[in-house]
């Protein structure tokens, strides 16, 4: 049960039939219809009045021991559940879990209000329902949509545009950018900083003016302390629905499509293009001026030095197709055993 | 000698016998008893009234040239010192050095006081001796122990609990967390941000509410600009005495034991467990849902994709036992020379 | 054309002869002398009244299609340009581009002034023309030169010295440091934090006082959210003209020479020395106590465990000469194909 010091009590309760509808899942072994569910919880912590979920086969054993009153499972594990357990069989159990968790725990409505210590420039226009935290700074000609939430000590630079229902975390700073709606920018994020552009030479490196912006679509998330440089002339672009984790670096002029996922500590160098739904796993890196195709998957710690085709999966540094990479690992291991023995 | 603009003058002076007692070291070649030592200094900078230290054999040559009046050395290098040099022979010379440095340079006592520009919610309870810097924000129902020091422009979110003698750096932000005593949280750290949890699907990635907390034990250090996400339901946990360096990422639901060490730019993905005294060197990464055994060592830049047993040392990506890794490197190098030649 | 919400209109216009002089380039196929150029723009976006530039052969095709009125090209591509195109032939086209871009878009002069919400200690001395943003904190005995610009909510710790024409980004924090002139410190940078120094032992890790400073030369740039720890006794040093990108970690006692370049997410561990003009590409790492020679190049994602000689290029982890590395990659790929087939 979520700590009431930090979270509101769960909504509900819901019946099993309601859970099935919310989760868009197939009910199996329904309990008595008057039975209600009061929260969602992990397998090991769930009480009989909670619904739980199995997302990964590593936790199959916990499924056998859980006290949960019902459980979301993928079809392939429905038979592994204890006999008679109330099940919600889902094609995409992550999605079913998300839908249920959001029903019990919708985003809390925050009270609007501009803290008296916030510094709002007289020319800024804040939309209806705005919240601005203590010490936040909103610059000249900034425009925000409805219900935006600017965290304590965040800094919004001159001219920035922000859409509706945007949340900006504590201490983040944004400049030279246009931000869509329903965007989550976490604490400490830096948007629109000067790209790393200069002419190297023996007389000293000479900075090149960075005259582009950062354009962020709708439904984007950018994780804590990540950095997104503004373009050098062209813009840096992050497409609708893209999710970026913590401590990620996005270089100038990078163009990221829709629905991409970039996991913690990964980096994308200048002018590279990620087509829609590309994924970069944790600590992966993509060199500059490359094209990563639609739905391509860059593995954890991969170092990508060439274009990657649509739907390809690569890993290693230099990155190569996943199957080839693990074959080289197997060969090396065998050689090492033979000669080392 | 430490710059007086930034540091208080050293305490002391101490006699050689006092140094030996403080360092818990064996004295060798004691100088005249009235001789005093006024500071600790590196071998190359030490004057005759300073005690120095040899921690690494790379600096053996500097030991021969040093003007230091005495030197901490490990037993195996005692004979390498110049004849007659006053020595403090220590089993753990790093520890002896730390003890001496802390005797000359104890943590400075800071003047308590709440800066008038800090924003403290009326329901927050700050312990005795608290310091809150300019522009810091302390939210609803926050409770801190004695002598906590909240840096300038730091943000402490609603409901956070903080123990005694905790130091929080400038611009850091904490939310959804319970923090022990004697914890150092450096500038720009982000604690309790939303974990990277969502259901991927073609209809758009769907955020999963993150309902857990971050629980931080006693004597923990978290380096500048590091990020620690809150749990998704279970908590993210950092055990007593664990040291975390700068720009480290700790994912949601990670459980870190006591006395672990995680060096700069390393990352630990969601739900992984580090048992006590595990070490991750710089830029190492551990995938999610793994178990790293007690005292295991993950090498620099390692990419760990499988569980690691207690006491094992691994390196490489995918990580393998250190000895095996260097054998594969040697084999490859030989092959490259043969065919390349 | 740069977005007028964020950028001032370009200076100029300039004639072709003026452009050639500014860029220190050789003019070829000059247009009519009264023709003027109003801005600089990328090949694909340039209008006939703009000058453009070709920096990379990947964009040769765009050169053929550009509407730009003139173009900076390296000598080797002068013949690839459309017949009759007005060209500025430059030995270092990046430098020529930088010079032209700076002529059209010089750094905007900012209006000096101390925001009334900034907290400046009574003992601090700010030079002529200083700007201090809202919520910024300037500590005891801080001294700044002329025209320094301290961003909103930045924190300058006690005793810090800053030279002329320094720009410090939003939310950055500096302590225990001496900073030269014409230094750019981006948003969220942490300078002078405690180095990761402690004695490990079973009784608990024991912090070692960190008594050094950070010394930053002239014309240095440090990217967003990067971290630079202060020395343990010796100083951490960053030489004149060195450029550091985002999310970079510089450990305690590191000494970086003049004109070095350290790209995003790279890290340098404690006490390592980088001689002048050394380069570390993105996500590279250098272990502690090493020496990287003058002009050496550490490749992207390289893990350097040994000294690197002047002028050498290394890559891989463990890092090896570039040619050797790619030979091992080729051998492995061949083996994988043979046995995998």
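In order of appearance the chains are A, B and C, and numbering begins at 1 in each one.
The working rule: a contact is a pair of C-beta atoms (placed from the backbone, for glycine too) under 8 Å apart; a residue touches a chain by one contact, two chains touch by 3 or more.
As the structure is a prediction and not an experimental result, all values here were calculated from the model.
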Completion exercise
chain A onto chain B, same sequence, C-alpha superposition: rotation to the nearest 5 degrees is 120
Exercise for the section: Since chain B and chain C are copies that touch, just let me know if over half of their interface numbering is common to both, same, or not, different. Expected result: different
Problem - Chain centre separation (chain B, chain C; CA means) in Å - result: 28
Exercise for the section: Going through chain B residue by residue, note those that touch at least 2 other chains and give them in order. Expected result: 117, 135, 153, 171, 188, 225, 247, 265, 283, 301, 317, 332
Exercise for the section: Using the touch rule from the top, collect the residues of chain B that touch chain C in their complex. Expected result: 2-3, 5-7, 40-42, 45, 56, 58, 92, 94-95, 97-99, 101-102, 104-105, 107, 115, 117, 133-135, 151-153, 169-171, 184, 186-188, 219, 221, 223-225, 241, 243, 245-247, 259, 261, 263-265, 282-283, 300-301, 316-317, 329, 332-333, 335-337, 339-340
Exercise for the section: Can you check the complex and tell me which residues of chain C touch chain B? Expected result: 117, 119, 135, 137, 141, 153, 155, 157-159, 161, 171, 173, 175-176, 188, 190, 193-194, 196, 198-201, 204-209, 211-213, 225, 227, 229, 233-234, 247, 249, 251, 265, 267, 269, 283, 285, 287, 289, 301, 303, 305, 317-318, 320, 323-324, 327-328, 331-332
